[in-house]
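There are two complexes below, and they share chain A, which is joined by chain B in the first and by chain C in the second.
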Partner chain A sequence: MLLELRDVVTRYGAVEALHGISIDVAEGEIVSLLGANGAGKSTTLKTISRILTPIAGEVRFDGASLEGLEPEDVVARGIAHVPEGRKIFPGLSVLDNLRLGATPRRANRATIDRDVDEVLGIFPKLRTLGGKMGWTLSGGEQQMLAIARGLMAKPRLLLLDEPSLGLAPLVVKDVMETIVRIARDGTTVLLVEQNAHLALQIASRAYVLETGRVALSGDAHQLLASEEMRRAYLGSAVRVEEPTKTA
Partner chain B sequence: MNRRVLALIVLIVAVALIPAVVHSDYILTLCVTAGIYAIVVMGLGILLGFTGQMSLAQAAFFGIGAYTSGWLTTHLGWPVWPAMACAMAMSALVALAVGYPCLRLSGHYLALATIGFGIIAQLVLINWKDVTNGSDGMTGIPAPVIGPWTFEHYNSYFYIVLVAVLACAYVAWRIKTTRVGRALEAIRENEIAARATGIDATRYKIIAFVFAGAYAGLAGSLLAHTTKFLSPDSYSFDQSVVFLVMLIVGGSSSIGGAILGAVLLEFLPEVLRPLKSSYIMVYGAAVVVMIIFMPRGLVGLFESLRARWRRGAPPPLGAAAAAEAEAA
Partner chain C sequence: MHFDPVANLQLLVSGLAIGSIYALVALGFVLIYNAVGVVNFAQGEFVMFPAYIAATFALPAVAVFGGVVHWQLPLIAVYLLVIVLMVGFGLLFNRIAYYPLRDRGWLPVVISTIGVSIFLRNLVQLTWGSQPLVLPPLFPVDTIAVGALHIRPQDLAIIGVTALLIAFQYVLFERTTLGKQMRATAQDRTTARLIGIRVGRIVAITFVYSALLGTVSGLLVAPLFTVTKEMGALIALKAFAASIVGGFGSIPGAIIGGLTIGVIETFGGFYVSSAYVDAIAFVILIGVLLVRPSGLFGERVAEKA
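The block that comes next holds the complex of A and B.
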């Protein structure tokens, strides 16, 4: 397994947000974490990237424990986290945002410029925006930039937190297609999504979280077809998709 | 040669001609002091403007530099130049020692910790009489010498300060435009996102703090060898606040803004002097008005005017804040 979480417990102050969750992600997969607001999806990602420190359990990446590491060390190990809310650096240009993504690799300028070019190949829209400041970009462009910046670290595992949040349906489709392409190119993806229907269409497996526990897990297609899943989560997801049909 | 570089060269030449056309010792004193303050404020700009970390201890590092240089030249008889280098290194070292624990704090807590350090540093300057001569102050500090030239008077010392200001501005510009600068700005914009991107935020914040200390140390040494007298009163918390106001009025994330703010606020009290005792009231009100109406400082105001002149949209008052609001 590339990533293993075993009985992980994480707290926000006095409040326990994860009550012992166990998750596996194998190399080359797209695995989705689903669940309602407050289920612990983002907390799980923050725990993996060590922005939050678990109080119990273990997170192992490529067989080695991440215990005691700082977030920047985790990136250097090969896990890039694209946080929720398109946390790009608005006061920096698109190119500078991308170059920053390469920080943990300590590569030279020529290598970084070559990688920027390669990443821009995946995100052709960003290529025309190189010198523009982050804050001038649309929501979809900012999301693409955030993912592109994550890829600049050349991660083996990409943690994506709600990449479709607040985006127009057509842009969401674009983002999802890009995620599939990234996975096909060899980067493993752990995708947090509220839009369960969309996530299950591109993921190979999924975990459904409920109030800090894994409530359901399994093959994405089976989950998509399961009555329990449909009743609890997909009903609302289908309603979210309705504007797509009328648009 | 592009127009900006040309304009910068013209500006530097014009400033270099000041001692040739201004013969008032008093105005030259103000120019030298403004230049020295500009160095301290540029250092603060690297910390607050580039990195977003608040410090109210800049006067303490200024004092450490001044007293280190003063002590080495008067007690040990060192020449001025190595003493100046040592003063810079000493302030940088103390900044490293203070920054390491303090920069794990952020926001108000960091500001409070630096206030505490500033007060302790001033108490040390007052009470460590064997070294600092306490409240009586340190006297007999020599002027710098290069070959047959002694930089005794303000009209010659002006050039030492000018070279130092230009060198510090160049270093700050190099920091801003390279990998380190990008990392510092990323920390300012969003520390959690910066860390998730792989930036060692604590290390970079310490680097910025050390630079701020080194700039203040150099400036302190420059002041020591021009006034030739040091008193602990000059390195109080109030002085740190003045440096902060200079930076905010000029424009915190701009090197030119730091210099402009220092020069403007050094000369403003002199312009207001005819108002006699009420000058401090007008000075205070002027600063408040500037901060309210120019939240990005004088440089921000110039940029807005230029953008309007070109009929483009004015840049936002706070790009980061606007993007946060959009994302929320």
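The block that comes next holds the complex of A and C.
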């Protein structure tokens, strides 16, 4: 397994946000984390990238524990976290945002510029925006930039937090196609999404979180067809009473 | 009162000189605020403390802890020594006053900087006593004649050094990776960490740089005033006003705000009343806040948002 979470417990201030979750992501997969607002999806990503420190359980990446690492170390190990709300640097140009994405690699300027060029190949729309300040970009452009900046770290695992949030449907389609392409090029993706239907279409497997626990998990196609998923997230307003299955 | 162009030009030069001092200290405020989100209330002591150290090494005889030292090193050597010591001071300040409190929100850090300020003033009182010191001038003459103008060379040195520092800083922030990492940290600390920027290191560098900005202002201004334990407080207060006038958080704002306050208070001291010189900065501050509450450069909040 590339990434393993074992019985991870994380507090958010005084509140326990994750009550012992276990998640596996294998190399080359797109795995989706689904669930309602407050279910613990973002908290899970923040725990992996160590913005939050788990109080119990273990996170292993490529066989090694991430215990005791700072976020700066985690990205250097090969996990890039693209946070919710894009969080590009508004007062830096598109190119500078991208170049800073290469910080953990300590590469020289020529290498970085070559990689910027390569990443821009995946995001052709960013190519014309190079000198523009981050804050002048549209939501879709900012999202593309945030993902591109994450790729500049040359990660083995990309954590994406709600990349479709607040974007127009056509732009969302664009973002999702880009994610598929990134995975096909060899980067493993852990994708947090509120839009379960969308995520299940591109993911191979998914975990459904509910109030800090894994409520459902399994193959994306099976989940898409499953009665629990349908009731909980895909359409009907009826909520599931209790998590019924954990795989 | 008749209009005298020569006198006005001389006033302008002195105003720009003292304004440069305010600008440097204001930059120190703004850079620390942008990096850690806290106003450093010890910024004035970053000006005063190095002036004392410089005086101790430069003067023929200085009373220290009741004894007397006679180092009298050459001024250039003193300057270099003080700058090296103040790099250490900046690192120590970061380690003691900020680092242990970095995850506790802004209030404990503010109180900690106030604590350092009080500590340093008392340390100075204890070490050097209450007798003011006078740093020897860098130049052998008080004024030089440029045409009909009589200008203090120290004023020109202040303006020149400030211009160089601002140019240096511009290159740092616009052209270097370190400068861009500093800007990224100022704009969004958590995200900066997520993309691998060693934010702790950036913050330490910021404290050192702000300490050096204070040091340079202290060394430049000391020959014009006496070195007392209160010398930093008034400069810092006016520099703080300058950074608000310029729009707090804005680097060009800090520079323009400092120069504006320096020039206006110098003219005001001459034409209105020299007794009210120290009030003028705050009159400007109130005026700007009434007309333009976000300061001169304050509308560019988008850059911080």
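The working rule: the second predicted complex is superposed on the first by the 235 of 247 C-alpha atoms of A that agree within 3 Å, B and C clash if a C-alpha of one lies under 4 Å from a C-alpha of the other, contacts with A are read in each partner's own complex, and residues count from 1 in each chain.
Please note the rule applied: a residue touches a chain if its C-beta (ideal position, glycine included) is under 8 Å from a C-beta of that chain, and two chains touch if they have at least 3 such contacts.
Every value quoted in this text rests on a predicted model; they were computed, and no experiment measured them.
With the C-alpha superposition on chain A as described, chain C and chain B clash in the combined arrangement.
Shared-chain residue A:Asp96: touches chain B and chain C both.
Looking at the shared chain after the overlay, A:Glu58 reaches neither chain B nor chain C.
Touched residues of chain A were counted for both chain B and chain C, and B has more of them. By the touch criterion defined above, A:Pro104 lies against chain B and chain C together after alignment on the C-alpha atoms of chain A. Judged by the touch definition given at the top, the superposed model places A:Asp113 against neither chain B nor chain C. Look at A:Asp219: by the touch rule set out above, it reaches neither chain B nor chain C. Counting contacts by the rule stated earlier, residues 49, 51, 70-72, 75-76, 80-81, 83, 87, 89-92, 96, 99-101, 103-104, 133, 135, 149-150, 153 of chain A appear in both its interface with chain B and its interface with chain C. Only residues 49, 51, 70-72, 75-76, 80-81, 83, 87, 89-92, 96, 99-101, 103-104, 133, 135, 149-150, 153 of chain A touch chain C when the two sit together in their complex. The touching residues of chain C, counted against chain A in their complex, run 177, 180-181, 183-184, 187-188, 190-191, 193-199, 302-305. Of all residues in chain B, those touching chain A in their complex are 179, 182-183, 185-186, 188-190, 192-201, 316, 319-320, 322-324, 326-328.
Contact residues on chain A toward chain B in their complex (touch as defined above): 49, 51, 70-72, 75-76, 80-83, 85-92, 96, 99-101, 103-104, 133-135, 139, 142, 149-150, 153, 166.
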